[in-house]
């Protein structure tokens, strides 16, 4: 059974749900899940429509063509995917292993609607982890010439036809060029509850400020927040304790964001996300 | 502007969303919110459809008639309400005031899509609280003849045309007759994370068992769970500390459940709820 | 039975716990609770020692004198209090009632180791709330001459011999002079998880930034954080929803911070707190 | 630098803290951490005293002898350990890998004050995981003769001088004999918030009952609760979703309990624990 997922965003108007649910019904599809949101601030409408295409009266090209036609009528930005196309994921990491283990284990347990096809790092420390999970490892050192290193990274992503790059505590700052020229989307984990503690060493900042909660934030393309989580800390916790507690938050938050994105539950609304969880 | 909310449950089949969203669209309504759920276990479909009726081509009787017709085609159990009809709520309490304050304050702050029209108690301790919030107070003592007391309670609920009775830590056990003969629905708060610690004195039981979390549970008609919350406790917490921490949970959980119910977000699926939050 | 609570902070060295616990033992006291913390960063030692003085061989002046002597030997900053002296608390508010209700109800339920003796406001809206709880209400309007208004506030605090001023969503900025010239301590609630969203309208900022968690922060003397809490939000939540969810956080966090402070559980370590919870 | 940790439980009486802190001070030790608890219900006193022995005037045998002498005076149950003795840990597992990965990664990251020296299983599926972390793997199949299998397990634990056996979702019921004859302690993870859903398939039970929170519970020797955690679920979550969300809880809760135990923070108070976290 093949499942289609249609993500839609457009200026809000009446009849959008009716038009799209009717389209599925008339062609003998079956709606499995439908979630929608009207944002009064931006005047935008967002929808996620999941339907079974087993007996659909149109083939994929036909569905795509019909969506394109509807798109013109309603000024839609849309994205149509089918469950047998699994997005290809690259994970970038450096030396800290917890997020990488979490993602690879999630994949092994069947929790991700996509495939991690490559692990890339500017160091070799985590090569055995990739190897253990039988995922190809690529060593992409970053030296003095950062532009050259980025060009290599981008070439690798293109070669591997990557849909999503996950920065799993990858300790290199990517240039705006990288983000713009990217192949596919980027999800990164920042180890604070943004917008608090934006810069380097957020756990040190948190200790210094004496907060009673620490957090982690997963972002899409270094901007909109997909997911956040926090944990309680006290005066007893050293910076090392914060780092340990933070690892739990980082890996959970990152893996959850990746899972939500791969299930096509994340839409962009300006600098924010709509997450149909 | 009048908003209509249609709650629907029926055996799952194709075309349900299309039929109902099309009904709204054809009559010039505007869908404000739509949430739906197919339960694979029970084979049931649930939907909450909220639409603006300002320019609707049918009046209320016409909408109700159309819903009845659709109901026959699709074997629907449905409930249609309009935002200018505010459910009438009775709050039953005994001597502990925290849940009563929370509900009355929520009402004053405009958080509830209904009106608390009466506070009833088997004691007089909380009469000043009702008076402070300018809500009528009814003293309904419960003596040896429990059946007579219940008859009086039921008569009062009928007289006040109550849609929802909230048991805000009301310390009397209601007979099954009461629950059956009720006017409208009942929401109660149990001071444990059900199904743990079902009986009396759950905080004492929790202390005895040495749990590291305590909880509270709001139920509909003494059965399906609407909402639960927990708080962390430690060996340092005495039973009195558990009671204090539990108060926070009880009032939050109860008020939240009442709010969700009054916004028509709670549907029943056997002995469980579907909560479109 | 009278309980003594001794709070101590001093440069860390060996023998501190032994000296102080031995002092209690030798004078026939009984340690009820002891909590201590050595902060490796600042090199400071903090202790909270609670002991029963029923059979103590020294009277209060004697205990205080002994503490003063120990203070000289060990370079202690100390604070000695007895359970029959209840701190006097003033609550400042404006128009939003939820924090005020929460504090007054906590007092009525016996949750606070102090007495709210006055409610002060620059408006009259919440006078009935104070009256309902039988606490004197003082109307202190703030006009064009802010300095004069502050002088009146400070005079009132002095006249009432206030130990703790609680700003329960008091919507006026206090001058640094006020904070310095204060009678006793100040606890305020900020409606964000500091250091995020420091300025005005934090819920609007939170909505704008698209965070997935909102928070509240209770501070001592507008600086060190005593307590923080967060709640989950989504794209569905409007600013009004954030404000409603935030009210829960604000009142819980503020009341908890006040309770902890009144139980003498909060010590200051530079711009941070040590909270012996 | 060697750190000594003294755990003590005894009938409560005055002078206990003074006696023990004085003992450390007189012998030129330095108290690093001290936590104590008097349980009014059982009349018992519990203490965890951590001190630096670098300049201690007694050697280990001397300290142990002194503790034994104090033990007689005060009717103490005590346990004295030194930081250079690392407890030896065996992990039992079956086929589900998440708890095993979490424990082994925690060990690699230096989060555990002990050493996992063997992974044992009644199946071979997780052998590569142990191998990847370079921990010996022992295959101990359980056939029809359960008593023989248990005898083999017990022999292995004795041979490996195991202090703590961790049941990381080990899917075999241990006999009461095993628990009694154990070498060292046992920590297991139950996949519900006990005492709810005690028996088999707790996630199925949770789905059936319609709870809004699921949980996990780590127990010591199959009795007292060390740690619990919960996660929010909704009507949308299938049993498979509960299992996925539950994995997060299970591994966090189990690893945290193991960490707390290995740091000597867990004491037993009847069928409950005192956890000096």
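As written, the chains take the letters A, B, C and D, and residue 1 is the first residue of each chain.
Going forward, a residue touches a chain if its C-beta (ideal position, glycine included) is under 8 Å from a C-beta of that chain, and two chains touch if they have at least 3 such contacts.
These numbers were taken from a predicted model, which means no experiment stands behind them.
With centres defined by CA atoms alone, the chain at the far end from chain C is A.
The contact pattern of B-D recurs in A-C, the pair among A-D, A-C or C-D where over half of the contact pairs coincide by residue number. For the self-contact between chain A and chain C, the two sides draw on mostly identical residue numbers; the shared fraction is above half. With centres defined as mean CA coordinates, chain C is found 36 Å away from chain B. Centroids of chain A and chain C (each the mean of its C-alpha atoms) stand 42 Å apart. Multi-chain contact residues of chain D (touching two or more other chains): none found. Taken together, the chain C residues at the contact with chain A in this complex read 37, 39-41, 193-197, 207, 209-213, 215, 224-230, 234-236, 238, 269, 271-275, 277.
Per the touch definition, chain C reaches chain B in the complex via residues 97-98, 101, 105, 108-109, 111, 128, 132, 244, 247-248, 252. Residues 14-19, 21-22, 24-26, 28-36, 38 of chain C touch chain D in their complex.
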